[in-house]
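Heads up, the next two complexes both have chain A, just with different partners, chain B and then chain C.
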Partner chain A sequence: MFAYAGKILHIDLTNQKTRVERVGEDFLKKYVGGVCLAARLAYDNTPKGADPLSPENALCLATGAFCGTIVPVGNKYSIATKSPLTGFIGDCLSSSYFAASIKRAGYDGIAIKGKAERPIYLFIDDDIVQFRDASGLWGMETWQTEEAIRSEIGDETVRVASAGPAGEKLVLFANVTNDRQRQAGRTGPGAVMGSKNLKAIAIRGTQPIPVADLEGLSKACLELSQTAQGTKTEKYRILGTPSNVLTLNRLGILPTRNFQQGVFEAAEKISGEYMHEHYTDKAVSCAGCPIACEQNVTVKEGAYAGTRTSIDYESLFANGSLCGIDYFPGIIKAIELCDRYGMDTMSTGVTVAWAMECFERGILTKEDFDGLEPYFGNHEAATALIEKIARREGIGDLLAQGVKRASEKVGKGSKHFAMHAKGLEMCGYDPRGLQTFALGCAVGTRGPCHNRSLAYEPDVRGEVDRFKAEPGRGHVAKDAEEFAAILDTMMFCKFIRGCFKDLYADSARLYTLTTGIEITPEEIKKLGERAWNLKKAFNIREGWTKDDDWLPPRFLKDPIPEGTSKGCVVKPKDLRMMIDAYYQARGWTPEGLIPKEKLIELGLEDIAEDIGV
Partner chain B sequence: MAVQHPFIVCDPDKCVGCQMCELICSATKHGEFMPLLSRVRNVRIYPITMMSVACRLCEDPPCVTACPRQALSQSEETGIIMVDKELCNGCGWCIEACDFGAIALNPAEKVVEICDLCQDQEEPQCVKFCLKEALSLSTPDQVAQRARREAVAKLLEELLSS
Partner chain C sequence: MRLTVELYGLARQLSKEKEVMVEVSDDATLRDVVAALAERFPSFLGPLVVPETYDLVDPYFFNIDGRRVARSLDIKPKEDEHLLLMFVTAGG
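On to the complex of A and B.
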């Protein structure tokens, strides 16, 4: 087999046993890799109704077809599990050397079940799997964990993915960190690891990876990599995603003070431009990436002097404008804390912003906050809260459960501004000013997600009228989701998406050059639909109903007060209309369920039996 | 005047740690992708220090001296280190002797491999595939010339625009 290993590694932590499942070309061509393969593994290995933090929940990893080869931006892996935060599918993505190691160790995917008796870490050394004592690592921050494991094994080619202290403490939005600065960030996979007493997964892969047409592939990859030095990636290479701050502020949709506003008066001070001038050291790459978007920063002066991390837009908005914080070093510190403790920066920021609004409205008092006064803009209180959340100390114990549970427990009207859908905290685009994205947020399978939906693009680019709700947006949102799903399955980093002439034809060609497996652009299109329906099927099986596809009250009732999107709101009847149109565009029933024929058409016959209608 | 042979040089400011050089080297020499089979190695010291290292064609190479079987020799014409696969038994003495860690053992064949500037290709493939132009085939003098030129151009640009 070219590129693929043809093997899925199954690990039983309870009994310390492993098993290799051989998979053939038919299986691999159907699911390809990434999100689609990870979702399949999650569907097959997590039993219906499992408690996400129980031994029954499977933590599944899957690489893409290009992992470990010279295909640019191809070194990615996906994690899929039942999310402890949402109770629905928790699929996340990460990149770099760890992804390549999985493939080089000889696996296309890994499914981990059970729970270890005591804290352990896995060491996957090609075909040997060791269950190693992690008692000395328990409590260690993410970066130190990696260094400690490499030091213990004595080989710097060992790559590590770990749960941080937050994951150990079962913070529901704890992430998985690999290669120091990359994260499988959202929906709480770190808590799943923590619940399994699984501190880390270390991998040493030494197997060379052959491809079907080395010369053809190398030539095609060089061309694609050269295109990736041009205008289509300029945003990522120069300022990075933080360039979104001023762009979105101009559009009046920069989430500010827990989505109370769409314009931040201090946007200049937290912009990509400001960051570049004052804090950026260098932009570096993941393994196999010719773009280099990872904006590394250092705070040189002031209370947070010496703080170093890397900044992307979503982390920046959530801990910046959303919390009313205009002191950039404070934002960098907040992100660095999340990185060290292993928490999703987005969910953390949105939760802190909710807490701030509770404080300002007197719903929670200084006493509730153990003496802190977290008004909007108070970066010291924000960083103190982040520490509490990571340790689940004081009010941190409540906040560590995410805004949905926290607002349900606190009540007093705080649910109105708990900014989540399906339990996953919002991302950095105000859907009131982006009607297609409003739909995308409501129907997203893991929750409201710019990355899985991509439906903000037609709105922001002006390809459709962002202020108008129309039935046609159903198809627009579906197409955007499938475009994203294809990138997440092949896998490619989304930042290269502008460099393809035709994603379907180009990726089909690269796939065949790499694996030797013939695939058509139409089959690639179907792959996107299959991936999305697979994730949806998981949710239906876990009890999803139409009521779960909705938006938080603030988006439906509070218009944006000023700026270019002044007056914008998502009208409930508009949202209902667009969701209905979306279900229709997807070939689903008016209740949002999937007909048997649709699943059979997508080659998911067994799932048709389970949940098809 | 002593002849300077050009070798693979990496500018650490331009290097982004992508490791494409390692992949294309192993593919060129072995037909497969595997950093452990590459003769140029990327080193990353977190968070942002990164640079690729390959054989520097030392004058009076310690590796050649160290080899107990005279399996290594240096080409007078190009300066590259040549490995006689019949004589090399993979003892690793040359690996220890190299100050730059530029020699690696092929684990399957148990002989060492050293950058030969892609003698049988049109040009060094790592240089061709380095999208950030961090890698070049240069002598130390050429690197210094470039650095001087850039420094002077930058200084004068600042003076001119002030």
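On to the complex of A and C.
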């Protein structure tokens, strides 16, 4: 077998036992890797109805076929687990050296269940798995944890993925951090680690990863790398994704002050261009990436001098315009705190913005905030709230549960502006001015996500009229989801997607050169549909109903008040019409359930028996 | 006619301008606008503009007034329209 290890490592934290499951070519060709493989592992290893924070919930990691090889941007891994934030599938992606280490240690995937009696960390040293005491690490920030583990093991090449203090405290949007500044960010996998008393996973992988046709693969990879260093990715290299701030602001869809506005009057001051001029040190890359999109920034003076982190658009909007904050050092500080404590910057920013609106509307008072006055724009209050959330102190205990639960507890009309779907906080594109993406946000299996539904692209690029809802958007959204699912299963970074002449044919070619397994472009295309249906099946098994595919009230009732998208709203009847069309495009029932025949067609016969109708 | 072109991302980096006025003939197409921009900012040629054809390099495109995307450079803009030379990134 080439490129694949053919092994899944199962770890039981309760009994401190491990076992290795052998998987064959047929299984690996069907699930390939990444999101699809991780979702399959989560489906198989988490029993129906499991509490996400219980020992029964499995935390599943999966690499991809290209991981650890010379294929550019292939060093990625996925985590899938039952999300404590949504109660549905929580599938995340991260990248870099930790991912390659999993494969080099000899595993395609890892499934972790149970709960350790006391804090531990795992040290996977090729074939040997050690359950090590982590009592000395408990409470440590993510960056410190990595260094401490490497120091304890005495090997700088050991790679670490860890939960921060937020994960230990079961902040529901706690993330998993690896290689210092890469995160499996959304849906709360860090809280799942915390619930298992699992502080970190350290890996030393030393095994070679042979590929089927090294000469052919080298040639293909050189071509892809050269394209990836050309004009098609220049937008990522120069400013990174923060370049979105000004364009989305101009289109009137830059989420501002908790989605009360789509235009931020101070957008220039939080733009990628401003960041580049004043704060960027350098752009860095993940392991094996020719693009280098990640913008490392440092605050050089003032109260936050010395604060360093990396910034992308989603972190920037959530902790910037969404909170009405135009003080860039304050935004950098907020993101740095999230990274150190191990919290999703997006959910954190959206939650802080909700708290700010509660404060401005008098729903929550200065007393509720322990003396803080978190009006929009108050960066000091925002960073103080982030500290409270991470420690679950005072109001932080409420906010640590995300906006869905917090608004249900606070009431007083605050659910109207709790900006989430399925319990996951919104991403940084106002769907009122992007009608196809509105559909994508409503039906997303993990909640609203720009990375799982690329449906904003046809809207922004003018392939469809972004202001108009119509039945044809069902197919558009489906295709965008499956395109993303293929990237997430092949484990290509999305930033390289513009470099393929034909994603399906190019992926098939690279896959065969790497693994020696023949696969056709049609089979690659089917893979995206299989991955999406697999995740949906997980949700159906966990009690999903049609009512879960919906948007927060603000998007349905409050038109965007100004700017290019002024007056835009998602009309409930339009959303219902598009959702119905989407179910039809997917071959699902009008209730959004999956027919047995569809699951059998996708090779998911056992799941057809479980949840098919 | 005179047209306002708003510059984003790489276009702004290369030109050091947020917005420029472009003078073109009344029956000019967007390709003529691209040519005028390239003449004014030669550094656009290559990274932003295909020198031989004056096509915009993928992923750059024109949005008109922030409301609709020009699907072709053969479109004839109207006076007073704002042309946004832009792109959108994904992910992060």
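Criterion: the second predicted complex is superposed on the first by the 613 of 613 C-alpha atoms of A that agree within 3 Å, B and C clash if a C-alpha of one lies under 4 Å from a C-alpha of the other, contacts with A are read in each partner's own complex, and residues count from 1 in each chain.
The rule is short, and it goes like this: contacts are C-beta pairs under 8 Å (C-beta built on N, C-alpha and C of every residue); 3 or more make two chains touch, one makes a residue touch a chain.
Please read all numbers here as calculations on a predicted model, not as lab measurements.
Q: Sticking to the clash and touch definitions up top, decide whether chain B and chain C on chain A clash or fit.
A: With chain A aligned, chain B clears chain C, so fit.
Q: Please indicate which partner A:Gly411 is in contact with in the superposed arrangement: first for chain B, second for chain C, both, or neither.
A: A:Gly411: touches no partner chain.
Q: Once both structures sit on top of one another, what is the angle chain B-chain A-chain C taken between CA centres, to the nearest 10 degrees?
A: After superposition on chain A, the angle is 80 degrees.
Q: After superposition on the shared chain, which partner residues are touched by A:Ser285: those of chain B (first), chain C (second), both, or neither?
A: First partner only.
Q: When the two structures are overlaid on chain A, which partner does A:Gly362 contact: first (chain B), second (chain C), both, or neither?
A: It touches nothing on chain B or chain C.
Q: Once the shared chain is lined up, is A:Thr564 touching chain B (first), chain C (second), both, or neither of them?
A: second
Q: Give one of first, second, both or neither to describe whether A:Glu273 is in contact with chain B, with chain C, with both, or with none.
A: In the superposed model, A:Glu273 contacts chain C only, not chain B.
Q: Pick one for A:Tyr236: touches chain B only (first), chain C only (second), both, or neither.
A: After superposition on chain A, A:Tyr236 lies in contact with chain C alone.
Q: Answer with first, second, both or neither: which of chain B and chain C does A:Lys494 touch in the superposed model?
A: After superposition on chain A, A:Lys494 lies in contact with chain C alone.
Q: Check the residue A:Gly154 against both partner chains and state whether it touches chain B (first), chain C (second), both, or neither.
A: It touches nothing on chain B or chain C.
Q: Least CA distance chain B-chain C after superposition, rounded to whole Å?
A: Checking C-alpha atoms only, chain B sits 14 Å from chain C at its nearest point.
Q: Show which residues of chain A both chain B and chain C reach, each in its own complex.
A: In chain A, no position sits in both the chain B and chain C interfaces.
Q: Touching chain A in the complex: which residues of chain B?
A: These residues of chain B touch chain A: 13, 16-20, 23-24, 26-27, 30-37, 46-48, 50, 107, 128-129, 131-132.
Q: For the complex, which residues does chain C have touching chain A?
A: Listed in rising order, the residues of chain C that touch chain A are 6, 8-10, 12-13, 46-48, 57-59, 61, 63, 65-71, 84, 86-92.
Q: Of all residues in chain A, which touch chain C in the complex?
A: It is residues 231-232, 234-236, 238-244, 246-248, 250-252, 272-273, 276, 293, 312-315, 450-451, 454, 456-457, 460-462, 465, 467, 493-495, 498, 564 of chain A that touch chain C.
Q: List the residues on chain A that touch chain B in their complex, please.
A: Those residues of chain A that touch chain B are 68-70, 72, 97, 104, 143, 157, 180-181, 206-211, 214, 218, 222, 225-226, 228-229, 281-290, 292, 296, 308, 310.
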